[in-house]
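In the two assemblies presented below, chain A is common to both, partnered first by chain B and then by chain C.
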Partner chain A sequence: MTSDTDIGIRAAQEFLGTDLLKDRINAGPYDEQYVRIEETEFESAVTHLAANKFVLISLFCCEGFTANAAQTLFYVFERRTSILVLVRGVNGQATSVADLYPAASWFERECRDGFGVEFAGAFDTRRLFLHETYPEGFHPLKKSFKNAPVVTKKTVDPAGEYPFREVSGEGVYQVPVGPVHAGIIEPGHFRFSVIGESIFNLEVRMFYKHRGIEKLAEGKTPQECVRIAEAVSGDESVANATAFCMAIEKISRVPVPERAWYLRTILMELERLCSHLGDQAGMLVDVAYPLGASQFSVLREECFRENDRLTGSRFLRGMVSPGGLNRDIPKAQLDELAAFVHQMRNRYKVGLKIVLSTASVIDRFATTGVIRPALLRPLNITGPAARASGGKVDVRVNHPYGIYDKFAPRVPRLRDGDVLSRFTIKASEVMDSLDLIERLIAAMPEGAVRSDAPVRDGYTLAMVESARGQNLCWVWIKGGVIERYKVRTASFCNWLAIEHAVQGNIVPDFPVINKSLNLSYAGTDL
Partner chain B sequence: MVNALTCLLKKNVTEEAPARDEEVEAIGREIRTVIDAVFGRSLAIRELDTGSDNATEIEINNLNNPFYDVERFGISFVASPRHADLLLVTGAVTHNMEIAAKKTYDAMPSPKFVVAVGDDACTGGIFAGTYAVLGGADKIFPVDLKIPGNPPTPAQILSGLLALMKKARKE
Partner chain C sequence: MNLDFLLYLAINTLVVIAVSPLFVSLIKKIKARTQGRQGPTVFQTYYTLIKLLKKEVIYSPNSSRIMRVTPLVTMAAILVAALFVPLVFVPEPVGGIGNIILFLYLLALARFFMALAGLDAGSSFGGMGSSREMSISSIIEPTTIIVFAALAFVFKTLNIFDMFTLNASTGSPSPSTLILIGISLFIIIIVETSRIPVDNPETHLELTMIHEGMILEQSGRNLALMELSAAVKMTVLMALLINLIVPFGLMTTLTLAGLLIAIVVFVVKGSILAGIIGLFESSMAKKRFFQLPSLFAMAFFFSTLIIIIAVFS
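Now for the complex of A and B:
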């Protein structure tokens, strides 16, 4: 065990004492350390972790986990390669940690909507994923609620409307945008408070697409649930399915064949390619540079077609399954992929050169939508958005899964945190993904692509690095079926970054800032 | 820096067009003919996401990339429902989107068409019968055509649109 993976345990020893910790700690299959914590110790523990630079990467609730408590809250902390989970049993009441960890605000509101847990001292107690039309006192994730249609209000009177934060002052006016936007985009509401042309404040309201993913998963077999994991966010199908399958494999101790991991990694990198190419094209559309945008959208379409040839799905769906893959990809097709990647790289470079030598593009990208490095930790911003602001975070490196320990990507970093940095980071990651796919094809081992093993009961955390950043899931299997499937995609946390990134920018730059962060609405709303 | 003058003097400034899809071209030509005849040469589409997993949005967006470039067939995606002839709905209808979706539909001038794209919009898909969704798009407004798929490809969406327009022509 390296000293880095020890950090969590050492911190727990410091706030609990070595003797107490012994009976309270157990290690999960993902090397995460669960520490049961009493109500009296909780506050000092969290303060201690906050002082020691632990990041709160997730907070979720679950029923029936602790014997003498109605609900159990899991506070997942990360520092470098170490993951510490505080397990806190509560009975409908808890204290808020949102003052110490701003990211907790959405997490706590999510727990409140789902399970009815009230957080004392929270600075924001508005409902989150249950909008105005849902009845009061409705908490869908409670076990007592059986998943069935509910009766909702058909109209909302003005008094019952969602109260946005009010910003007032001389010359401040509001620009409400959405949920239906003026393009082919997912729904969400943006409330701008603007002075002249500059954005003074932005409040994001999400969860219009709340489809009840987590409840839907309950009672399903792992095999059935893969389809649900793929539906979390279409352009992260492989990432979320892989995270889910990894969890199942960890719990059931299924050895995944090496070839399956090589192929999975190729699929994950292809997904990253499609995502980054789409972002780059979108960013260029938003600064009115269609010549550059076409370069990337052509490559992206070719990528989709290559996906289709390889797997029969343009979104690489239906491939990943617990224990490996549903189908092998024959050698001839992999050779074809290698040739595709080779010519793709050359054409990508041409496109990039055109874009980066265009002054009007650089002028719009540079200094626009800055995310300050100081925000990364409190909000748990991850992925290219973090790496463009100096963050050294990448699940593939911090918590290598599959074969990423053998094929560790370099973690390119820039410090400016503006749209140009995010564009450049993504460009560098596109090149890295292309290289990685080539290396994987060259080193591809022979053998089976799936091993079957009976499903066992248990629980674990699992994380992958999707195109957008750190995607986390927590799976609890009981009686061979899913008891709880918690998903937290990178977008859920990264959305809060945009509220800060747009401040002081002009409203017309909002689309390009939004595109540069490429946030998934579906992956957030669940 | 790319010098504008060298671009002018150089031969073949434009790139070679990407490989043509004969299937798409054929559907496109037919769409062009019907749109000319029935819709006065242009069909304005408003896209509405009522709860999709965003894969369908991506495919609809792809209709505008240089491979499909549907504007040349007379199809344009418009920003406001008030400018739209056709509503392209994706995803099961969530409770949180119900009011906004109805408002979007009501804002469209008549006559109007609604097309549901993807399994979730057609029937509610895997979300049918759960607490968070009402079901397919037909639960809140009349749907003229359903294009199933998880998600349907751009070519499938195009041939769906063609089928609808042929139907409209007969009527």
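Now for the complex of A and C:
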């Protein structure tokens, strides 16, 4: 494994040369390697990384990072356990890498909306999170914009409406779905082009609930910002809060007590459990098998109640804080949790057996919504969705944080990439999480759950494996307060996968494909 | 036309309207119980219908007269079709009443208008619902005709009244034929009333809807009529199955005491069938849309078998 961490440095040596690299590279607290890159070297560097199987896992922009450029773009590349960040200074103009890395398209559009950086050569220059009603030239993440209500346009003339990809031909119909849905779910617009019942093309439009989280975080103290991190996506509260706190701890070099990490890990696994149980119930509802669905939704509800007993919050909020945890969980409660987990495992097995022995369910799941393995790298598909398509990615194993190096989860892999694979992967992860929680309770060390240390300035990357996949955040602290907080959740990446997964399927199968990926709308739209 | 027949018209219509919401609720109750839920009371459908009748009707600005007449046409067609299947009392048939082919096409008329109304409001889900309903009906129609042809072969008549009288007086056909008829008619009920594995009556997912998609734009009194007509249609098809397989309790001469007993017996038999439908629905997931013909093929196959048995025995 150790040789893998050098892959990034070696690749940088190859495209820059050893001599040049020396004074351009610096290592971040998270073992990420920042390489400053000049405009003339940029294209060959990215081409080199693309050829060497590096995945672009994030791209974000930041103002005032270097003196000689208005904006700085951070291109975060990952290969196995190595992370390489290309730091590129620009002045409102940049070249696009979307042709090499299709995943960059959303990232670049996000940077354009937030900071006004234009990307030349991009195949898609439409706005992303700023919808039509926002005025022209409005870029909320610029430092010159002070956070305040925005005057939006009351009406949008037809010419200014968001242009969807045009798909035409004999018998092709457009079916617009959402953003208001019949069920109680988050808003998102799905534009289907169908031929009869078969889906020819799908375009997803999100960002109906923009809350300005990144802007909100600026100027806050790390302690205040934990609440904001928890609000990124309700059912990823612990994951996002932990990623944020990890970043703060790395920057300030705060040693986190071991017991805090054990408890944090239990909370993260409980969160994963609730999420996967909800997905499985949802998938069964969507193929109209409520008998099977109720097995999992009942367990999920009980899991929420257990969360509430443990932490006072069904979504485990208010526990994680920089330096450890806000409160300890007493032994009696942990023993109760162990008993709960034990009986939960038995009931889960019963439910799983009912579902997996129902032929009609398997028939609906198998071969539905296939994500081809070839898409994993270009679209940066992550989490259970990637592992169901043959991907070997799990932050807990690739970049172990906390105590995951001691309690490594099994990383199950399937290759079919259909709904059934995702269901099975999630089932196996549920079993694994239950095991992990039991092992953690058994090995729980005594001691404090928090260590306080002064906040220092600096910046770092931090990643966790949420239920949906890799959640990444980048935090820059300046003068003791947040200068820039960038979050990229797994949902942001996986939304692009669904457009490919549904092609060739029939419209009535869309809900189950969507549910099998279970993406967060809020986590996509900050 | 005699007095008995006029009484029949009144009794049959009243009974079918009165009991059909009960059966709908019962199915829901059974399904809720299999999922470990309490479920709504068995009177919930009555409450819902009364509530909807009190509510105002809202029409989409894009909708035409079709939207306004459809609930009435559907209800009327289904109620007339209901007269073709005696629930508790079988009089002498008068005119074309009871004719099996006319019965089928009354159901088709209701479905045709429902599909038109689905298209009428111009919403994408209504159109999808109508398109699916028409695709299904074009496959299920030949099957239904074969099933009914099998009935006609077995009972040597095209009139449902005569089938019932024959069944009640001279005894049922052989058990093997009955089982085959039962399975075929059961499948017809599942398909015609849009239940799992064909359609999911309880779904909130617009994209998967068939029957619900077509009535998505209906509201208030009109929605009540659509819901009631769907319930009546289900009860009528259930009655067809019940009175052919277990004719016990069915009256051929009208007496007050006999009528009360017949109603009670019918409600009991109907509730049992509703329970079976509920359990059947709970036992499987919805089929993939393009695999539905395999379900119909089963009804088709069994009915063909009935005809072969009837012809060669």
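Throughout what follows, the second predicted complex is superposed on the first by the 525 of 526 C-alpha atoms of A that agree within 3 Å, B and C clash if a C-alpha of one lies under 4 Å from a C-alpha of the other, contacts with A are read in each partner's own complex, and residues count from 1 in each chain.
Basically, contacts are C-beta pairs under 8 Å (C-beta built on N, C-alpha and C of every residue); 3 or more make two chains touch, one makes a residue touch a chain.
Source: prediction; values computed, not measured.
*Asks:* Between chain B and chain C, whom does A:249 touch in the aligned arrangement: first, second, both, or neither?
*Replies:* A:249: touches no partner chain.
*Asks:* Return first, second, both or neither, reflecting whether A:175 touches chain B, chain C, both chains, or no partner chain.
*Replies:* In the superposition, A:175 contacts chain C only.
*Asks:* Which partner does A:429 reach: the first (chain B), the second (chain C), both, or neither?
*Replies:* The answer is neither, since A:429 touches no partner chain.
*Asks:* Determine, for the superposed model, which of the two partners chain B and chain C contacts more residues of chain A.
*Replies:* Of the two chains, more chain A residues are contacted by B.
*Asks:* Is A:357 contacted by the first partner chain B, the second partner chain C, both or neither?
*Replies:* The answer is first: A:357 touches chain B but not chain C.
*Asks:* Report for A:210: first if it touches chain B alone, second if chain C alone, otherwise both or neither.
*Replies:* first
*Asks:* In the superposed arrangement, which partner chain does A:113 touch: chain B (first), chain C (second), both, or neither?
*Replies:* Once the two structures are laid over each other on A, A:113 reaches no partner at all.
*Asks:* Report for A:509: first if it touches chain B alone, second if chain C alone, otherwise both or neither.
*Replies:* second
*Asks:* In the superposed arrangement, which partner chain does A:152 touch: chain B (first), chain C (second), both, or neither?
*Replies:* After superposing on A, A:152 lies in contact with chain B but is clear of chain C.
*Asks:* If you stack the two complexes on chain A, which partner ends up touching A:294: first (chain B), second (chain C), both, or neither?
*Replies:* both
*Asks:* Using the superposition on A, tell me which residues of chain A are in contact with chain B and, in the other complex, with chain C.
*Replies:* Overlap of chain B and chain C footprints on chain A: residues 182-183, 294, 298, 358-359.
*Asks:* Residues of chain A touching chain C in their complex?
*Replies:* For this pair, the touching residues of chain A are 175-177, 181-183, 197, 284, 286-294, 298, 358-361, 363-364, 506-511.
*Asks:* Where on chain C does chain A make contact in their complex?
*Replies:* These residues of chain C touch chain A: 31, 34-37, 124, 128, 132, 196-197, 200, 202-208, 282-291.
*Asks:* Chain A touches which residues of chain B in the complex?
*Replies:* 1-2, 18, 47-62, 65-67, 77, 79-81, 91-92, 94-101, 103-104, 126-127, 129-134, 150-151, 153
*Asks:* Can you list the chain A residues touching chain B in their complex?
*Replies:* It is residues 129, 131, 133-134, 140, 145, 147-150, 152, 154-156, 179-180, 182-187, 207-212, 215-216, 227-228, 230-235, 237, 278, 294, 297-298, 300-302, 304, 308, 314-315, 317, 354, 357-359, 520-523, 525 of chain A that touch chain B.
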